[in-house]
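Please see the structure below; I have some questions.
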């Protein structure tokens, strides 16, 4: 029996306030398929929060679904997308994107982020019809390695996209954590300017289920409900998704939950850093990757749940610790105490 | 402002007992993606209720999703499925099945049901590789026209399927209503024997969201989680779906909710029949299709919400009235009173 | 051992003049994938013959390939095409179009042709995202039932397409026969105006293999070579296809071959009509469908090869007789003599 | 005006003997779609030559088409294939494989070949349904870098495939050149034992057009004609493809043409090696990749056509020279003379 899990940020249920929102909106008769009054209110709250009154917003039930619907809607059959080799859509979505018929042009990356020059290189080497035609750049923020993009980095990526006729799509499964990160100056309002479509992850930031797809580029908003329906992503009792996002964006709950998750991870990484441990990537969000001796990892695993991420030579490995809106500070303190005891 | 809606059975939220189940299971740390303890318990309850201890059960978030994942998992690229012309997958799922690459061989039907001879005819006329190769028979129960299959009808369809090497799949979006219908002797235990895969609709019978795919044919269960993941149907915080099905199959709530929906529709159809109105199809479940003079339809629409389904000559039309677990008997009584007043 | 086949128009090889063109262009070093000088010359000859100097022309190896590449290039994932129920793409291409992800909205038709009102009806009944969004109208000319479109009919179809934002695509597997038909006033120059894309069938009109896709709508020409490559339709030694089309469009061979095929069919239908037989559809091109007593069909089948197309009541059936560029007049005369002997 | 092209092996037409075979079989009436007598004879000749009387053989018009039809027929939606990063299907077929819905798991390779351990590694790291499920190993022989597999290498790959339930597919666009290479002991009879499906390339070894797909694993042969038809690969006047393969496998023309192509490349590489030049990969077949100073490449390009393949530091590059069945020895001698003059 483990003391506590740091496996991931979907091990917990929903923040109780969101369950109340669901209950409150439960008993009226409503239109279905996204046209209920609760979803409309949630859209208004999000538009206000992100600062784009013209944003088109659609709620779906999960991240893989968001990715496959959005990307398939953006691409013609011969067009491809580019993404970091570590991108979830490339490694851990069971080929969902290829199933819609599109190739992913991969970009090597140590920290999960991609650079404008890497985009340029792919464009320069894809020149005729014997190759796919890249059309979309996919980034995740925070990345699968817990890192974040700054305003400047995002602006530079966006500019190279525009100059090459590429769309920019951001997977925001952990966008709350990225925006609240002390390692980045990025905020929602920057996305209005630099990103064509992104989604705001609910599942990993306090919701039971749900992601909000935000379309800034109105050209791409056309017929989007057809794409949703066709992929099984248009939810009948949509009030359930709407209620959660109404809850998240009323009183800034979305931000405070993410801030808590980051604070818990920061506390762990600050201590481990102080005690002399290094990290696979700079700790910035609610996913951190400390490098520990293998023997110590085995002892820790007897008490706590987490994934071993990557071998670092023969004697050490990077592990992944994930905190969430629900992570209890006492559990973190207990973890640090047990950890300290092992190295003393 | 309308007095009441009979538009559909997803206008309402969830039965309050299910929200309690969700809340109860909310705060533990659980495995994700269907491996949580709540989902496991729900599977056990369903296996017990349907009487098949070996059934493979997967929860997904909607009916179109269930259909497209199941059908794509059953078919090779050159294989097709057959379905009634009125089948939802043919008319109202935005081409979801064709998007997975498969043709639907349609069967004409007045009442939404198909006959063994129609299956045989398609097999006899699809004989070589210039045509698709039919492999799956799709039926919905209850059908899109509110009708139901009897044991005998289902057995005959199943036998012709087996003799031609065809799989049989049943869309059970409204299966509760079908099983509780007084027009059919069918029960869950019959499905174990005659159907390869079916799904138990939660969304239209008291849940906020969720369908339970039940795989009887273990050959078809192989790798099914890959198919789910690939189509964006594997839910991270799966406890949410599990909790609802645990709630539905504890104390037979699933059946009592469906019985209520049927009773409300039966009450309406009994009165309308007594008052001399006929129906597009025999009223059997929670969807009924009375044929009314157009002028009267217009007056009714000022008070109640419902769809006009089909023109019947120049002066009359069939309308669709749908009841649900949440339909209030007082609303039904009020509807009947208003109706009576119009014809007196 | 049968005396002669009227099974189809691809039972024979190529017109000898085309083999000479292939041989002539065989030994130079040429660019591949459509950029050879022979293909360029063939494109010029076709552009001149059809009277559209701006037409984009691509050669592919077969009709199913032409259809699937063209249609997939025209459609977004949620868009569909409409076609007659008798259309080859619906009945006899093994689901090739659905394999590319698109639904076919079928139109009932006695003679293989569709009417503007049928297009309008589909548009009026496809109104929201629960249904596919029709985008292309598919017609074949001549049709699978040997009938042809007139200028007026085509113009009316084209106008309803334009008014609804639909593209019009014509499958011209037997376009030569259609244009040379005495039942139609249509010529290539009309297609420039009314059709977005069509293909000129070579295989069924004298070539060994090859169809020329002609794109009038330059918006649809963009990136077309990507679509070809992606579907395996971009031929390395493209000179082989080019040489045949150069041969067909030099000295109007394409037209004289089609004229011969029609003349042979006309001779048969004129005699059978004179002898009192009726036809499933009006004989117009190289495919005719006389209705004969079943007993007589059996006797004919001992001497000649042809398909029995459709039962007409209990005692008669329509058969299909197909002539081609290679049909020998002596064989036709022999057939008519044998036929006459049977009815005397 | 260049003296001669070494761009590729499809710059030339067909070997004249094959045109004669086409002409000879041109004027009879034949069944279509692969059932003609000429194709049947060609299949018999191939079965005899490869030493597998039970092989299932299908002729298609090109290599990309062969690859996409074969691979799509072998895979279920969630299954993937693995291939070298340099594999044609990954780099130069416009995403044809992804268009059929499948991911390619890439394997890094310096020389275009893959190793059993690399296959094992992919299997060990693809363990659950969040990832695709690898099912097919794709190799090309000769590879895109001119290298070849030996019996021993192929046997080892085949064994690791069988032990992991993987199918092995060999792209034989240049199989003739591989089998005739002095760097390999492999022959057709070895393929019967170690490979599930392969294709024998005609286009790059003397044919105008055509590849012969050879299916050794009879489980994979089932319904193959459906897959061909569905992808537009079933040719109506199939005699044209059959005639060429009958010509290639009568009197071993297939082997002598490949031997000539290899001999021409060997002559070049022998001289260049003698003159001190190294190669990107060991010269083995009709594609060789000498590394030359950039200045010299520019001078050579004024006289001869070839591709510059890869930068090798700042001052040199590897070029690709391709010979074929049609390469004239005088042209090779002229090239060597001009080359020698440049380095003297």
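By letter and in written order, the chains are A, B, C and D; residue numbering begins at 1 in each of them.
The rule is simple: a residue touches a chain if its C-beta (ideal position, glycine included) is under 8 Å from a C-beta of that chain, and two chains touch if they have at least 3 such contacts.
What you see is a predicted model; the values in this text were computed from it and never measured.
A.B. asks: Taking each chain's centre as the mean of its C-alpha atoms, which one ends up farthest from the centre of subunit D?
C.D. replies: B
A.B. asks: Between copies subunit A and subunit B, are the contact residues mostly the same numbers or mostly different, with half as the line?
C.D. replies: Over half shared, hence same.
A.B. asks: For subunit B versus subunit D, what separation do you get between their C-alpha means, in angstrom?
C.D. replies: Roughly 51 Å, centre to centre.
A.B. asks: Taking the mean of the C-alpha atoms as each chain's centre, how many Å separate subunit A from subunit B?
C.D. replies: 34
A.B. asks: Just give me the whole-number Å value for how far the CA centre of subunit B lies from that of subunit C.
C.D. replies: 43
A.B. asks: Any chance you could list the residues of subunit D touching two or more other chains?
C.D. replies: Residue numbers touching two or more other chains: 77-78, 93-95, 99-101, 129-130, 132, 226, 229-230, 234.
A.B. asks: Can you tell me which positions in subunit D touch subunit B when the two form their complex?
C.D. replies: It comes out as residues 33, 72-73, 76-78, 100-101, 129-130, 132-133, 223, 225-230, 234.
A.B. asks: With touch defined as at the start, can you tell me which subunit D residues reach subunit A in the complex?
C.D. replies: Touch residues, subunit D against subunit A: 77-78, 80, 91-95, 98-103, 129-132.
A.B. asks: Provide the residue numbers of subunit B that touch subunit A in the complex, in ascending order.
C.D. replies: It comes out as residues 4-5, 8, 10-14, 16, 19, 22-23, 25-32, 61-69, 93-96, 99, 203-204, 208-209, 226, 229-237, 239-240, 326.
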